[in-house]
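Have a look at these structures, which come just after this line.
In what follows, subunit A forms one complex with subunit B and a second complex with subunit C.
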Partner chain A sequence: MTGHDGWLPESAELVRPYVITRGRGLPDDEQLSLITLVTASADHAQRPTRLSPEEQNMLELCSAGYLSVAEIAGHARLPLGVVRILLASLKEGGYLVTRPPVARARLADKEILEEVLNGLRAKFG
Partner chain B sequence: MTEYTANPLLWVLLVAFVATAVLVHRQRKTARALRQEIQSLTSHYTELENDYGKSVRAAQEQAEDETKTVLKSAMRTLQGLAAEQQLVLSRLQSKYGDSALLQDLLEIDHTNSQFGRRAQSIAVLCDGWLGGRRDTASVYDVVRSAQGRIRHFRRVEILSQVDFGITSRAVEPVALALAELFDNATSYSSPDTVVEINIRTVPKGICVVVDDAGVGMSDEERARADKLLASERASGVAGLGNPPQFGFAVIGLLCERFGFEVSVDSSSPYGGVRAVVLLPHDLLTAMPEKQAPAPAPLAAARTAPEGGPEAALVPARTDDGLPRRRRKRPMAIVPGSAPAPRSAARSDSEQAQVMGAFQRGTQSGRTGRPEEAERTSSNPGASSEGHGVS
Partner chain C sequence: MVSAPNLDEHDYVRGGETQTAVKILVVGHFAVGKTTLIGSISEIEPLSTEETMTQAAEEVDDLKGVQGKTTTTVAMDFGRLTISDRVVLYLFGTPGQQRFVQMWEDMARGALGALILVDPERLADSFPVIDLIEHYGLDYAIAVNHFDGAPLRDEAALREALDLLDDTPVVTCDARDEKSSAAALTTLVRHLLDHTR
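Right after this comes the complex of A and B.
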């Protein structure tokens, strides 16, 4: 506040991520992976005001239906791990329901593919 | 009579008397001279003493000024480095957000914030630089920012919120003053107690009430605190004791410079100290907007009519800078659960909600009617819509 001319060109966020997570640790990878689907639980009507703005924001984001953890992280503009910590604590508090991601289609047997390839080679190659 | 005059004793007495008289007279004269001398000496001494006091004070002031200048520029360097490190940490946190490394990065961030705050406090005492420019922030965020600058931030609990913001000029000073209060509150109370923060609206502005369950302050400490907060501002770093007690000195200076009030003269219902920060109306503004409004061209582009070849019209990125998802093929939307007609400026969060609703709809369809489920899930466009991550 003296005669110094310049402010710093940019300053970091006012509220640091560790305060937003209240110093909680990262949840298990199994519990909340990047593609785990999350939605607000049905009885979220009596949502308490004690939740931080970030938590309320996330609840609102996924109140309409299932969203993946990665998508929520993208919209929340927070580091992914921080989002996972918050989601885990919301889940513990019963505000959120998670669902494992939709299983991927089973891959075709590698041997069959090789056989087909060999057959094609034999015929055309 | 002649008997008396002949008496040698009389003569002896007479001589003795005269001698005494002379002696007394002389003594008096010497005493007077001495007194005068003493007087002049005293005045001389006072003069010397005054001069000495003055020169010592001058020397002290000069030394203090020099210390201040040195400390001020040293702290400015340290503050700059801490701020720079904070930016680097922010970048690292978003880069390694999904790895276990994040936990350690958050810890480093915490230590760095404390370090920055210490440098800031010393800078304030030396009339120095307060830190980078801040945008207007909500009172709640400023309190949380202060919370992040102390060691035992987990013990601080914010119990209420208000819908007010703090002007950009006052964000840093208020955060720093609150951080010093929180630091006192957590350091002078036992580690298993909680420091409670209540934010209240009062006619004069907003009060932030900090209650700790510690041992409270002794009369002496209270007097020192009152003095530093109200009447006698600290100047420089001299007289802070060892280990130095920055807290109230820093808060007092910030109060004077930025026009808010802090009092610690009541005791908390939990037995410790209750500190009350009163933020007057001129430091307050309306609640800051959460996100910057979307630029006009984007909003215009999003008014594209339903069902058309949207891929060509919708911009490739959302306001958040995320790739916008495009429909690869037309989708059948379940009647009744269709979202409200597209408004001109749908925010990204609404967008996400709509997507989520769609996902939930297809999900319930799939689980509810098995024969329908096959048909729905055979539509790759629909099933990949809700959770498609590429």
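Right after this comes the complex of A and C.
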């Protein structure tokens, strides 16, 4: 696996998940779905740092652009549940900006499906 | 001290500030080629929740007919495809096993639909997957992964075996081939579109 220099996933496995999350429970599923897009807020660098190493990693991971919650979990190699809790707390602290996925009511929307269809055709012929 | 992995710009969602995400599930039984299909069309190296097949798991899973496969997805893996500057599509794959129901709920919530990958030699193995997809009320298309040398059943027999509705699309595809995988996906999306009319 490339692109993970200096990242030591083993360290996360040495502590039980509730220690990493400081005992916080799972946030609302809808709030941070698998495909909610997440990025660091513009002023996050000015905020006082009282973040855990895991929270700092999370923040660093999404400081250069948008990633989905699932991608963050994949890159961080932490369980989804743990990642959700960390992201929820960072969001609460104003460190993160999130973009929710297309609302469920709009999923059957013709326009979205047509856009996906045209996109696939344009890409793959 | 742990540090975050170094990602390059291609790892991030292109035009993320204007994008909304949608997802499609790529499902099928153990070792049917889901990861291969996702990998053949994803613009990022497919990511996973890191569970690969272990020795312990091999005793649980049914390995008949899949000799030579050393690792597989036991949880969820996914890829990404930027559709336009407004829509980014995620493809999520997971096996159709009851013990992953929690993950299934997560994946199915808000999905556009599902592409069900089927091995014509192991049709019965697809029943639980189809049941799960129907349980979550997702619309789907069947993609028959054409493995080397495996004879292809005729479509009518396959439809009967899988008890498909008349308008459920059935396509054959080679999951290793980008164009073939994309064509299967296109068939699904066209079907989903038909159902919104």
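We take it that the second predicted complex is superposed on the first by the 86 of 125 C-alpha atoms of A that agree within 3 Å, B and C clash if a C-alpha of one lies under 4 Å from a C-alpha of the other, contacts with A are read in each partner's own complex, and residues count from 1 in each chain.
Heads up, the rule we're going with is that a contact is a pair of C-beta atoms (placed from the backbone, for glycine too) under 8 Å apart; a residue touches a chain by one contact, two chains touch by 3 or more.
Owing to the predicted nature of the structure, the values given are computational and were not obtained by experimental measurement.
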Touch test for A:L67: subunit B only (first), subunit C only (second), both, or neither?
both
Given the touch rule stated above, what does A:V82 touch, subunit B (first), subunit C (second), both, or neither?
first
Counting only touches as set out at the top, which of subunit B and subunit C does A:T39 meet: first, second, both, neither?
both
Tell me which partner A:E54 touches in the superposition: subunit B (first), subunit C (second), both or neither.
second
Please work out whether A:E115 is in contact with subunit B alone, subunit C alone, both, or neither, and reply first, second, both or neither.
second
Looking at the overlay, does A:E92 come into contact with subunit B only (first), subunit C only (second), both, or neither?
neither
Once the complexes are superposed, what residues of subunit A are shared between the subunit B interface and the subunit C interface?
4, 7-8, 11-12, 34-35, 37, 39, 53, 57, 60-61, 64-68, 70-71, 73-75, 77, 79-80, 101-102
What residues of subunit A sit close enough to touch subunit B in their complex?
1-2, 4, 7-8, 10-23, 25-26, 34-35, 37, 39, 49-50, 52-53, 57, 60-68, 70-75, 77-84, 101-102
Touching residues (chain side subunit A, partner subunit C) in the complex:
3-8, 11-12, 29, 33-37, 39, 53-54, 56-58, 60-61, 64-68, 70-71, 73-77, 79-80, 99-102, 104, 107-110, 112-121, 123-125
List of subunit B residues in touch with subunit A within their complex
72, 76, 80, 83, 86-87, 89-90, 93-94, 96-100, 102-103, 106-107, 109-110, 113, 127-135, 137-138, 140-142, 144-145, 147-148, 153-154, 159, 161, 171, 175, 257, 290, 320, 322, 348-349, 352-361, 363, 383, 386-387, 389
Subunit A partner, complex, touching residues on subunit C are 1-9, 11-13, 16-17, 19-23, 41, 44, 47-50, 76, 78, 80-81, 83-84, 86-90, 92, 106-107, 109-112, 178-179, 182-183, 185-186, 189-190, 192-193, 195-197
